[in-house]
Each structure stands twice: as structure tokens, then as C-alpha cells.
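Note that the chains take the letters A, B and C in the order they are written out, and that residue 1 is the start of every chain.
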Amino acid sequence: MTTAINVLQALLLILGAPLVTGIVGKIKAAIQRRQGASIWRPYAEIAKLFRKEDLVPPSASWVFRFAPKVLFATAVCAVAFVPVLQPSALLGSRGDFFFLVYLLALGRFFLSLGALDGGSAFGGMGASRDALISTLAEAPFLLGLVAVSIMSAHADIPGIVMWTLQRNVFDISAVHILAFTSLAMVVLAETGRMPVDNPTTHLELTMIHEGMVLEYSGPSLALVEWASAIKLHAMLALLISLFGPWGMASTVSVWGIAAALLLYLAKLTALMILLALVESVVAKLRMYLVPDFLGVASAVSALAVIFTTLVKR
Amino acid sequence: MGLVAIATAKFLGSFSVFLFLTVLLMVVARRISTSVLLFSLQSAIITAEVFAMGVREKLAAAYVVGALVLLIKVIAIPYAFFRLVDRLKSPRDVKASTTPTQSVFIAGAMIYLSYAAVHSFGQTVHVPEDALAAAVALILTGSFLMVSRKKALMQMLGLLVLENGIFLAALITTFGMPLVIEIGIFFDILVGLLLMGIFTFRIRDTFDHLDVSKLRRLRG
Amino acid sequence: MQVVSIQVAFGFLLASLGLLAPLVLIASRTKRVRAFAIALIVGSNVVGCFVAGLCFWGESKLALSFSRFTPFPFALALDKLSAFFLLLICAVTVPVALFAAAYFDRHYDGQRCKWAWAFSSLFLLSMIVVVTASTGFAFLVGWELMTLVSAGLILMEGDSSERRHNVFVYLLMMHAGAAAVVASFFLFLPYSHSLDFAGIRAAGAVVPAGTRVVIFLLAFVGFGTKAGIIPLHLWLPRAHPIAPSPVSALMSGVMLKTAVYGFVRFAFDFLAGGPSWFGYVVLVAGAVSGLLGVLYAIAEHDLKRLLAYHSVENIGIIYLGLGTSLVFLANHAPVLAALALIAALLHTFNHALFKSLLFLGAGAISNATHTVDLEELGGLQRRMPVTGTAFLIGCCSIVGLPLFNGFISEWLTFRSFLAGSVLMSTKAQIVLPLMVGVLALIGGLAAACFVKVFGVAFLGRPRSREAENAVEAPRLMRGGMTMLAAACLLIGILPGILLRPLASLTQVLIPGAGVPDEIVSIARIIPWIAAIILGVTALTALFRRVQRMAPTWGCGLSQLTSRMQYTSTAFSKPIRFVFSSVYKPDRTLDKLPADDPYFPVSISYRSVRTTSYEKALYRPFVDRILSLAHQLRRLQTGNIQVYLLYIFLTLVALLAFLRFQR
């Protein structure tokens, strides 16, 4: 029964991902006093792309065609580590957050290769800038997760969630605040959101992720877009489960799961509003200021780790 | 009434965390107005701390002191700063001499140092360690701001943060100083700020800039 | 019976590599005889794999003694640690030898070819002697032979003065390291009365603390020079790129590992750990080597130099694991120490596999295009599909991506860092988890570097005529690379094969260690992850849509040339900019004509990166030694009577010493 709920969690993260992107876009439009596209638009877009044909540059090799599939597969595999409705996940095991980070890195690696395979300067530029950002974002990502893991004395995400469930929300520890700050900054960098990257633009001056996928079309582009949405959804779900999991079902019952789902949607909405606010208020950082941004994230996450020795566990 | 007691107890236990956050944010802030806002936030947290202590220790003087801090440090001084920035018409940049990453690391080292220092005499004096470490960290941050920011306005702000730290330290160790001393300190600060404000205008009029690193005639 | 047959097999391995193959090769006139000798080398290594496998996976032991024929005790033995490294050597040699069979044929003429093979055979023998030695004399003989033969192999490529200078630096540093190793062996003598490993192990318990520190530091410096830790790494980027590719593969993949073997022997077997600062020194050395190695690699566009710097980085990662293990040992946590040691040893094996694969790939590229400069390559994947795919597997492995073998050892290293938080010592509680950040940064930089390498060399459009006309590598070369790639994938998906015997190995080295359960958990999870990823990929691949060729989007330009792609230097520019305090290039900008700078006819820009170690660290040291030598020269007056005076004075001194000794 637990496994069935875990599969349900994974499906929720995968299938609900385009809706998350749609809602964030709608909130941003509301802030900008526009009507904006419907929240179901990303689904229509993915469906439309699946019906179109795949355009392949003549210089491309199998890596170009293969990269979106690997990106999608790693995103799907990554959601198997995130608990949503109950404190357990399909592949939850000791040391699983290293798997999570490196699976996302695998997807990014192949996407960069696919970008270079297009043989254009856009792909090279996007891949080169993305290489810089993902390099600098890995350390704070892992350090933030390590800090939280040390505090809870568990090395697996479900274990951390169970430990947090037993604590009081008012017992805020400095470690958790610092880890949340650095992880939030990393989420912005890894998913290509403002202020690191603009997900809605296709100008070469401002694009990093969009530059890498410029050559893709049809089903490949659909897979890439879906994979980015899944990544965003999974990371938001990860933040919720690590820092605010109260409400997760501790016993497997229909009412418990339904309540957990409603609470999760409420927390997710709060995070989405926050994300949309940040994206609308903050200007995009100049490319060479992003290392400063991620440097602050690294320093804060390193502080979080150091603080685990100061705060009584 | 029980809820208020619980809330104050929780707050007293965890407010140092928020002070550390303001310390970190202050060292990476790039604009003067952001730093002033953070200072105001810091003073607000300290005001809340004063009130919470008043509730817990049932001291009437604490409410007076809290009101004074609220009036002067949360409202009046930041307002004066904003007015000053407007009238000086100088660039709003903080002109830091360290990059944000370096600043955060230095801030981290300062916080660690303050914890280490407090831990070493925490055995003799019965004080909450977190809060005292926060106070020492504020003192160090104020000094760091004065040293690493080249704008004259930031020197003033650094001094104010320093004074925040001293005030907090005194508050924790003595559970509220006698009222007279508090008021005396406030007046000292006010007069000092007034003088600094006047001098800032004089500096700007004489040198046409407010970059402290260029003022090098203090030699024999 | 089994013992005897193992001894016979091992003896066959030694004899064929040491005597039969070189002799046959030197005497050979025809290609067929040479092919027989090569087959002998390959065959004996396969036998060696079996021997090592029996001792590593099984419980066999082996001991061979040649002391009757040598002035000092010369004996070889296979315990689990030696068997592991023997397996490493033989398993890597088989594919490399297959590759070299095709490579040397095309690269050298007949005379040089047979000498190259003879030297390679001796090189392999020397490395096998080093890892199976059970007396100090055998170890040092093998050590010295390794250095000399590899120098000879490098000089086979050519004779230019630059090459000779590089070989000179290589020999110099290797001998300095060897001196330190010899000294550390000899420091055991007063306590063990012989250089037999068993005796040294027993003496390790009674050596006083001060001597232990000196032994440790000497072993660290001596083996570190051979392994290539910063700042003792100067010879690596000089020597590895100029050797022929199969030899580079052996040097980088296998020879560096003998240094790791030596250090593990000393630190864990002979000294049985030490105070925790031993571990911190190794940890810091590993972190510095890892970071600086990969930063220097990113700035390179010569493929072989880039790979040489990556060897420095991976040795750094191995040392991170070793240092962590020593720290755990000092803090009385044997299970965690075993975990870290398993991580380090597994990374040693993995690195041997994927680094050899990458160097063989570089050899295939240079065979097809006669260049290893990344700026001249491009589009090779379509022209050399098998080479490209194997090279891609090597790239994914070295970056440490899941499903490939590099990930397993990096994951284990991460887990051991995380476990550092349960120790009592505050220093360990802070330093070890922070090393997670260091290793993550190293991994991220390596990923960026290999996206650049594979993307610029194999993907996109060819940047030169040679790259356009590249053809796929010959069958033997492909076979060698495919074997290594398959091994990388196998260990990446089924790591239990190596992890379980490594756990029993560490139980011998570290008394009191059980089997860490991370071994079990990762062996259980990785196949699931592989299944999910491969399943989803297959699912999406089934979804076939019409594919149409369309030109690359060129922003409206119709003719996109290959010069409009990103070059290797351009790709690494953002990272080099951010880490610019590490690189201090000498930049010169010339505008022609010089007297009319506003209307230049041509502008030339040159940026040469020099590492600062030579100027800051080595130059003063070398200058001081040279000036000392210069002053000592005054003793050499040339006058025969002065020399007779020296002899007379020595005689007097000896007599006085005898007199006053009473």
C-alpha cells in the first residue's frame, strides 16, 4: 500500500509539473497586470509539440537525438526520491539525496552535449554559461542538504521528513533557516529562474537554458520542456518536504492521504506565489554577478553545516 | 495570557536566529537604503526582545526602554538616514571593499568567533548563550561595516549597529539597566549622530564626495 | 594443489613479461614473431587476471621467493591488497595491449616497434613486482625499474631537446621521491632488522611516535611525488602528454596507482594509522590537488595535457578518501574508516579503467587526425562512432554520473564525509561535512570540463581538414576501448562485484571493521535507478515521429561555418574568469604596424598560462642547491697532491674515531 502511494506521489509530481509552470506564469501575469495565458496552457503546448515533426541539424549525431530522452528519464527518476503525501519515497534510502543531485547533473550533462551538437554559437553559449552555473550550484545544493541531514541524524530524505514531523514548527533552528535560504537560491539557479536566468526570453543576451534547447523541436522539445517543469515541481516539493512537511499522512488511509494532498497543494501554492513575486520584483543578474549570488549561497550553506556543531541537536 | 507567555518564551529562545540573519543580509547589502532598512528591522527585533523581557520579568521600566528604542532606533534614526541620503544626492551604492562571498564568509567567521568567546565564559555567568553570541556578533558586524564600507554614511550605520550590540549585551547580562543610564546612552548617541551628520555635509561640501578611503590627511 | 598451480601461473606471468616476451621481441625479424610475442604478453596478463581474481575474490594466498638468486632478499607475495592491485594492472593491460598492437604498428617502424614492445613488457613487469613485493628490496627494485623503463618509452617517441628536458625533470622528481621512499623503509630497520614486509608490520607496533611521524611524512612525500599531488605534480603534465598514447594510458592509469598502493601499505598496513592530523594533512592535500588539478585541466585545449591534469584531480579524490579513513581510524571508528578506504580503493580501480579508456580514445583521435588539439577537432562522432561512444562512456565515468563506475566511488566518499558528523571531535564534525562541498565543486568543474572535451572534439562540425577526413579506428583499437567501456558500465550498474571483496580486504587492513551497510544499499538501489532510466528512455524512443533534416538556426545567416561554433577556449572562459585568481597568464598583445596603432593591419594576442609553482617554490630551492653544489666544487682543485691529502685526512679521522670511541 505504501508503494502504491509512492507511485501516486511520483505520478503527481510528473503529471502536475506543467500545471505548476502554468500557475506561476499566471501569477506573474497578474502581478504585471496582464491577463496571461491559461494555467492549462503548458499541457496544450506539450501535446501540440508531440504532434509535430522533429527537426535535426545535418551535423548532429545520435547524442543530439538522445539527449532530451535522457533529460526526461533522469527527471522522472529524480521524482522517485521526493516524498509528497507521506514520509516515504519510491527510492528512498540512506544517502539518497546524493543520487538526486547527481541524477539531475546527468540530465544537464547530456543536455549540454546536445546543445553543442547543434553546431551553432547559441548552443555553445548556452552550454558554456550553464556549465558555470551548474558547477557553482552543486556545492551549496549538497551542503544545504547535508546540514539538514546532520541536524536530523538521518541520511535519507524520508528519514529527515519523519524527524521534522516530530518537531515543533516554532523550534526554528538557525541551521534550518540558513539551509532554506541557500537551497532556495540553488533552486532558482538550477531551474533557470530569475534572477539567474529568464525562462521566458529567447534573446541570446539573456538566455542560458533557452539557449541550450534552441535547436530542439517537436517531441524532443516537448520532452525538454516537460523535464524542466518536472525539475521545478520536484525541487519545490523537496523544499516543502524538508522544511515544512507537517500534514503528511502518517498512516495510510483515504482521508489521511486526501488531507495530505490538500495541505501539500496549499503549501505549493504559497511557494509558487513567492516564486512569482521574486521573479517579478528582482531584476535578472548580469552573467558575471551570478557567481557572486551562488557564492553567497555556498557561504550560507557552509555556515549551516558549521552551525550544526553549535546548535544542540 | 498563557498564549502570550508561550509566545514570548518561544521568541526569547529563538530571536537570535533572526538577528544572525540580519547580520548576514547586512554584509551583502549593496545599497545604503537596504542597510538602513535592515538596521531598522534589527532594532525592531531588539525592541520585541525588550518587551518580551518586560513581560517575563514583570519590569515596568522595560516597557519605557522598549518604547524609547522603538521611537528612536526603529523610526526616527532610519527616517533621518533616508532624509540624509536624499539631501546628499550621492550615489546610493555602499562601496564595499569585499565581494559578497568574502563578506558572508567573514560574517560567518565572526559569528563562530562570538559563539566561541561566549562559550568560554558561559560557564561562569548564567546567560542564554545564543542571545549573548548574537550581541557579540552585532558588535563585530558593526566594526566590520565601519572598516569595509567606504561611504561616510556607512560609518555612521556601523556605529549604530555596534551600539545595538552593546545595548543587547547589557540587556541580557543585567536584565535591564537602570533607566537613567539607558537614557543617558541614548542622548549620547543622538548627539554623536547629529555631529556626524553635520560633518558629513561639511565633507561633501569640501571634497565633493563621501568616499572615506580618500581622506588621508590624518597624519602627523 | 591449487596453491602450486597459482604459483606456476604467477611464475608464468613474470617469466613471459620479464624474459620471454622481451627476448622474443628483440630477436624477432618478422611481424609474425612479433605478433606471437604480443599475444604472449596479452595471454600472460589474462592469466594474471585469473591469479589475482582467485586471491581477491577467493581466499587463496601466494608467496614466491627468489632470494637464492639475489644478493638481498627478493620475495613476492599476494595478499588481498596486492591481489587487488594486480587485478587492476592486468585487467587494464589487456585492453591497452590490444590497442597498442594496432597503434604501435602504425606509429613506429619495425625496429622501434619491437623495442617499444620490449620496454612495455618490462614496464608491466616492474609494476607487477612493485605491487606484489613482500620485501623492501623487491619493492625498490621494481620502483626504480618503473621509472627508468617509462623514461625510455617516452624517449622512444623522439629526441628533441624539449622532450629531453621534460624527461630530465621527470627522472629528477621520481628519484627525489624514491629517495624519500627508501628513507622511510630504512627508518624501520632498527626495529625490524630486515626489510621483510612481515617484519616491518610487526615492527610498526614498537616504533616510537617521533619516528612514526617522520616515516609517515617521508612516505607521504615520496609516494605523493609519484602519485602527483600538488605541489609535487610538476612532472605529470610534462611526461604524460609526450608519451605514446597506450603508454600514457598505462602511466596514468596504472603507474600512479602503484604510488597509491605504496601509500596505503605504509599508512594502513605498516603504521596502522596514526594521530588524526595525519588524516587532515592527507585530506587537505587531496582537496587542493583535486581543485587545482581540475581548474588547470579546464584551461587546457591539448587533450592529453588535459587528461594528465585530470589524473592529478582524481588522485586528489583518492587522497580525500584515504585522509578521511585515517581520521576515522584515529577517532576509533573502524567501520567508517573501512567505508572511506573502500571508497578510495574503488576510485583507484575506477580511475584506472576510465583514465586508460580516455587516453586510448586520445590515441585513436591522434591516429585518425594526427592532432590532439581540441581546437582542430570536431564532428568526430559521426566519423568514428564506436570510438566516440566509448569515449563518451569514459567521460561520463570520470565526471561521476550515475550508472557509471565513477559515481559509485564518489557516492561512497560523500557518504563517508557525511558520516564524519557522528564523531566526537568538533574539528571532524566541521571539516568532513564541508569536504562534501569541496568534492561537489570538483565534480561540477569536471563535468564542465568534459562537456567541453566531448562537445568540442566529437560533436558539432569539424574544425579542420584532418577532422573532416577522420576514419574510424582499426578493429583492435576499437576492441580495446570497448572492453574498458563495458567494464565501466558493468561496475557502474553492478558495483557489488567489487564492493564485497573490497569490504573483506578492509577487514584485514583495519581490525574491527565490519561490512559497512552502504555497500549493500548502493548495490541494491543502483540497478533500480538503471532500470527506471533505461526503461523511460526506451519508452520515449519508441515514440517515433518523422525526423527531417533542417539547417541549424543561424539567426538568418545562411552559411554557418565551423568557425562559428564555440571553441574549447571560449567554452571555458566563464569558469576561467570566475577562478581567475588561480590562473595568472602572461598576456601579450601585438598590434601591427606598431607606429600606427589606430589602423592596425593585424593584431596578435598570446596568452600563456604558467603555473606559479615553478617560480615561487621550485626555482629558489633549485637555485640554492645549485649554488651549494657550486661551492662544493672548490674541493675539486685538480691538484693530485690535494687529493692525496684528502685520503690522508680521512685515514687520520678514522683512526681518531677508533681511538675516541672507547
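Throughout what follows, a residue touches a chain if its C-beta (ideal position, glycine included) is under 8 Å from a C-beta of that chain, and two chains touch if they have at least 3 such contacts.
In this text the structure is predicted, and so the values were computed from the model without any measurement.
Asker: Looking at the contacts, which chains touch chain A and chain C alike?
Answerer: none
Asker: Which chain's C-alpha centroid is most distant from that of chain B?
Answerer: C
Asker: Chain A to chain B: how many Å between their CA centres?
Answerer: 37
Asker: Report the inter-centroid distance (CA atoms only) between chain B and chain C in whole Å.
Answerer: Averaging C-alpha atoms per chain gives centres 54 Å apart.
Asker: Got the chain A residues that touch at least 2 other chains?
Answerer: Residue numbers touching two or more other chains: 298, 302, 306.
Asker: Where in chain B do residues touch two or more of the other chains?
Answerer: Touching at least two other chains: none.
Asker: Enumerate the residues of chain C that touch no fewer than two other chains.
Answerer: Not one residue of chain C touches more than one other chain, so the list is empty.
Asker: In the complex formed with chain B, which residues of chain A make contact?
Answerer: 170-174, 177, 181, 292-293, 295-296, 298-300, 302-303, 306, 310
Asker: Which residues of chain B touch chain A in their complex?
Answerer: 10, 14, 16-17, 20-21, 24, 28, 99-101, 104-105, 108, 111-112, 115
Asker: Within the complex, which stretch of chain A touches chain C?
Answerer: Residues 50, 52-66, 68-70, 72-74, 76-77, 80, 91, 93-96, 98-99, 101-103, 105-106, 108-109, 112-113, 115-125, 127-129, 131-132, 134-143, 146-147, 149-150, 153, 155, 214-215, 218-219, 223, 287-288, 291, 298, 301-302, 305-306, 308-309.
Asker: Okay, in this complex, where on chain C does chain A touch?
Answerer: Those residues of chain C that touch chain A are 379, 381-382, 385, 388, 392, 396, 399-403, 407, 411, 414-415, 418, 421-422, 426, 429-430, 433-434, 436-438, 440-441, 443-445, 447-448, 450-452, 454-456, 458-461, 517-518, 521-522, 524-525, 528-529, 532-537, 540-541, 543, 545-555, 560, 562, 564-566, 570-575, 577-578.
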